[in-house]
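Two complexes, one shared chain (subunit A), two partners (subunit B, subunit C).
The block that comes next holds the complex of A and B.
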């Protein structure tokens, strides 16, 4: 049990260690004192407000990571989370603004709309793969471009309400469709939070994580999905329909991807506008890799990347280094993590193999001994007769 | 006679196991030297060391009187050692000629390949040793025996005087084996030294000049074929008596469990692979299907499992047509399947044993409740029983399947299929690539299955196994069942004739 924990933690810790070393070198080259920079980041990053902002950033990253991980679990590389969530967010924003329902129901309808749109957009890639054998990497990249520059621009053009701020924006969702912040709950344990709100969608993300865990590890469809990812032929022999599994994985992943834009939409902006956060889909791939598709791992990955993103602002303010240094750090962490995982995995496998071999070897000795005994008995009888 | 190869005290350790434990081997120049031993005895490791693929931990190697240390196969090739692997290493979409020269192309000035010279050379080699192949044929069009000849020529082309053949007969039918043996004798007559690995004892006795037996990584004995019998060799190999695949009294009933009528199916490219297969299997019966690989057996199995649609005809289970039934429904209806290629079709290598046990039963109790919720504890308990009952050697049911040896993986697969509530068991090459001990265990389980009233369909390339276990034998050739034979009367040789189409007899007698 302790070994298992060691193997789970060794790789990420090694990755962060390597990342710190390499980032320090980069900081030195940039003419900054790494220790000062880290100290500033730590001081700023451990403030309650920064941590709240980190959680707000980690929430959509987590959802995005889970969306990607569902595909990863069966060897599908869903790069299309980006297009799926942006399209889902804009349609959900429009639907949310158009309707007027009681509070809880209103939010539910918005969430359902976003999930349906995300699933639909990912489903196109699934359908193309199942019927025409189009690789999902190609189709999702294309669908990203179509969604982001094609469909979204078109919809904004059609639905746009010009306002005085020169910002293209959709009408806002009425208050019944907002998600209340969680500041009151956090403040039960901490001092008063100033200037930021903890988005309520965090709770939905937690629920998604729990559901993801149960779906993947505790249900038949999850097992079918994982089996198809590990060995598609064997899964098929076991009675799993590979085409249905591809569709299921794409639809599920797309539905979760549809949620990625909602924390911001329901908790902060309440309307789709041009300042809406982009690139959460691509960062989700990194988060899923960092978290090894594990629900808790993804959460840690989302928090780390979210924290680096939020805490890095201080570097620029204090004049330590351009905040782009954090992009380098994030990249190094991910690369180092992938390498470290591979190394640890090989070691774990070798250990397991030698344990199994030892079990076989001791059994063989037993067998030899038994054979020798039988032989003696046989010889004895032979001598006696 | 001088020694071509002399190995002394070769030791090779892997984590947790000693593959070679002070092995000695003395191969005289110009002889055919057989190395016998169970799977896992360390034969292949020894040959890999001799061919420079792996370094030995201890011991010394002397080739042609000079002590050598190899760090790669290239160095072994340079001093005239060549190896023909059990699994051919040919590029299907290249011609014979291109495959042979690949990696040692004769070049003209300017780096262009001299195909003419190469072709001449190959034809010459072919003539000298009776190894006939057309250099311009595409490899993908060749039969197994021809592919093997290409591999041998490839090795000779690189100037090998010492040839290592790793289980060369495993993939051949008896007629092709004779052809191979003729080639080997010619090579010997030309002064080549051949080391060949085999565990078919009658073959070894027929062709070898000297036999070295290896067991559990140690050299047990070196003998001359004229001084030993197959029985003696077997005992040397396993350290006790060799099990045989014989079934005892018949348990066949007249209750038909599974029946195919005029079933036809195509392969993935649309070419017809099953042409009107009609057969039935009764409760308590083992039906053996013999045939050279690629004659429609694989498609038949897939059709039975619902992985390949029939183009016409029908297959019924207990009188019910299974048209449109998916694989899962067939499994739930009681059809079990031991696949021919365990790593590709039977296992989730990175998953723990208990999840592998669940594979194929993931809609059934006790693995899931209400067909949906996985029950890890109940599943682990089930796997523990399978592991115990079928003697799978493993530290626990939570280790990943790839950690187990081939024989133990196979025992797990056989065990998990048999532990389910079955009516039909399809066993495709159930003992391929596992050692004698595991083989005997699998045979025993198939006999149990038969006694328990299962209808068993056995497909195997091991003719002794087919003849020994089956109640009835059919031969599949070019997608048709061309003969029905009584296993108590037929010899492996006869069976080989039917398999290659040399002999013909109507089915349904």
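The block that comes next holds the complex of A and C.
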């Protein structure tokens, strides 16, 4: 049990350690003092305000990570989350602005719209793979470009409300379609939160995480997904249709991807405008890698990357270091994590193998004694692990 | 393996300790005003309005003895409001560079009423502690448009916009009006590099070069850009086209005097630049803060206060400056009204 915990924690801790060392070297080369930088970052990063901002950043990253992870589980590299969520957000923002419903229902309709659009856009890539065997990396890259530079650009032009401001923005979603902040709940446990609102969509993200866990680990389709991902041939032989699984993974991933833009849309901007945050889809790939497709792991990955992003603002303001240092740090953490996972995994396997070997040793001995009796049979290939 | 890591780590720590021991205080004297500036995506070094704002800040630091600190929005611009708040904690005057700061500033300035704020390119934030620094880009663009019309020999000129947003369309509107004021028969080739939400058109010199090349090939002999960092591609294209065809085509720069900033090898192809004095706006706002005369509300930088204008470095427009000055006066006097939308 303790060993298991050690293996679970060894890789991420090693990754953070390596990242700290490398970032320190870079900071020294840049003429900055790493201790000052880390101290400032820690002081600023542990303020309640910053932690709330981190959660607001981590929420879309988490959703994006889960969307990517669903594909990863099935060995599908869905890098189309970017296009899926931006397209979903603009359509959902338009629908949300056009309709007028009671509060909870209004939000539900917006969420459903976003999920449907995300699933639809991802489904195109799934369909192309199933029917035409187009690799999903190629198709999702193309679909990203078509979604962002084509469809969203066009829709933005058509749906923009001309006004005095220089911003290009869709009409705002009426208040019944907003997601109220969670400040009151957090304030029950802490002090008053100033100048920042904890976006209500956090709760939806948590629900998505729980559902993802149950789907993958407790349902038939989740089992089939994992089985097809780990050994497609075996899964097919045992009666799982790989094409159905590809479509399922793409549609599910796309539906979750559709949610990525909503924390901001429903919690802060209430309208699709030029400030709408992009690149969350690509960042989600890193989050999923860091979290090893595990619902808790992705949450930790999203929080770590989100925290680095938010806490790092202070570095430039206080003159410690350019904010690019954080890009280096994030990159190193991801790289180190991937390497560390591989190393730890190999060690764990080796240990498991030797344990298994020890367990089978006695059986083997008996077998060999028997064989010796039955004259020699050549060097028998013993059962591996 | 583990030992090596431990060794490396201790070496790094040792370095850090030495470095921290050496780090001294370099707080300058002069005014005790702290100015915090938040750049938009791209930050210092974007060869565009961020750099222009930085120039104003540097100047104020030097002349007025203020202490300044900077920050840049992250790659997706999602932390503008947090950076404004953070700067507000440590400064007396906080700048947001770019109209995308409007909503974040409304929130941040509302939450920090005792701190003064200023936003570049936006006048929509209606708070007593927010100054909106806006520019009459169309007026400056009108003058360089007139210059292009007076200088063209092919009777065809071009305009390259970085991203097709309302702000850049102001440049286009002014340029077109300026060209047509001189000669309505001149053909104008208008192209944008990217469409929102894709903002790459401001940072893509390669794309800028391709667009510029096609314009020169199609017969334009003067091309004006309002494309930020992509403008470098235009200058390169002008140089290459001129050299390859043994002719001379011109580029017109934007924001700062690009004859001075774009590099020596392309200098001789830069006819003039439309000046948008973000540096002056930033500097004068800081000066007001230092003197205690800061006031909120819109602050328009147009031709009459030399907030916009055209550059003469290189001497390529010396023969037409009389005409340009006359047009400038007519705009200031209201005899010519320059449209700000296309």
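The rule we apply is simple: the second predicted complex is superposed on the first by the 364 of 385 C-alpha atoms of A that agree within 3 Å, B and C clash if a C-alpha of one lies under 4 Å from a C-alpha of the other, contacts with A are read in each partner's own complex, and residues count from 1 in each chain.
One rule holds for everything that comes next: contacts are C-beta pairs under 8 Å (C-beta built on N, C-alpha and C of every residue); 3 or more make two chains touch, one makes a residue touch a chain.
Model, not experiment: these values are computed from the prediction.
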item: Subunit A as common anchor, with subunit B and subunit C clashing or fitting; value: fit
item: Contacts of A:100 with subunit B and subunit C, given as first, second, both or neither; value: neither
item: Which of subunit B and subunit C A:35 touches, first, second, both or neither; value: second
item: Partner chain(s) touched by A:227 [first = subunit B, second = subunit C, both, neither]; value: first
item: Partner chain in contact with A:184 - subunit B first, subunit C second, else both or neither; value: neither
item: Partner chain(s) touched by A:349 [first = subunit B, second = subunit C, both, neither]; value: first
item: First (subunit B), second (subunit C), both or neither touched by A:236; value: first
item: Touching partner for A:57 - first (subunit B), second (subunit C), both, neither; value: second
item: Subunit A as apex of subunit B and subunit C, Cα-centre angle in degrees (nearest 10); value: 130
item: Three-chain overlay, closest Cα atoms of subunit B and subunit C, distance in Å; value: 21
item: Footprint of subunit A on subunit C - complex, ascending; value: 5, 8-9, 12-13, 15-17, 19-20, 23, 36, 69-72, 74-80, 82-83, 85-87, 90, 99-100, 102-104, 107-108, 111-112, 121-122, 124, 165-167, 194-198
item: Residues of subunit B that touch subunit A when the two form their complex; value: 14-17, 216, 239-240, 305, 307, 326-332, 337, 339, 344-351, 355, 358-360, 362-363, 368, 371-374, 376, 393-395, 399-400, 402-405, 408, 437
item: Residues of subunit A defined as touching subunit B within the complex; value: 217-224, 226-227, 230-231, 233-241, 349-361, 363-364, 367-368, 371, 374-375
item: Subunit A residues within the subunit C interface of the complex; value: 17-18, 21, 24-25, 28, 33-36, 44, 49-50, 53, 57, 86, 148-149, 152-153, 156-157, 164-168, 194-196, 264, 269, 274-280, 309-310, 313-314, 316-319, 323, 327
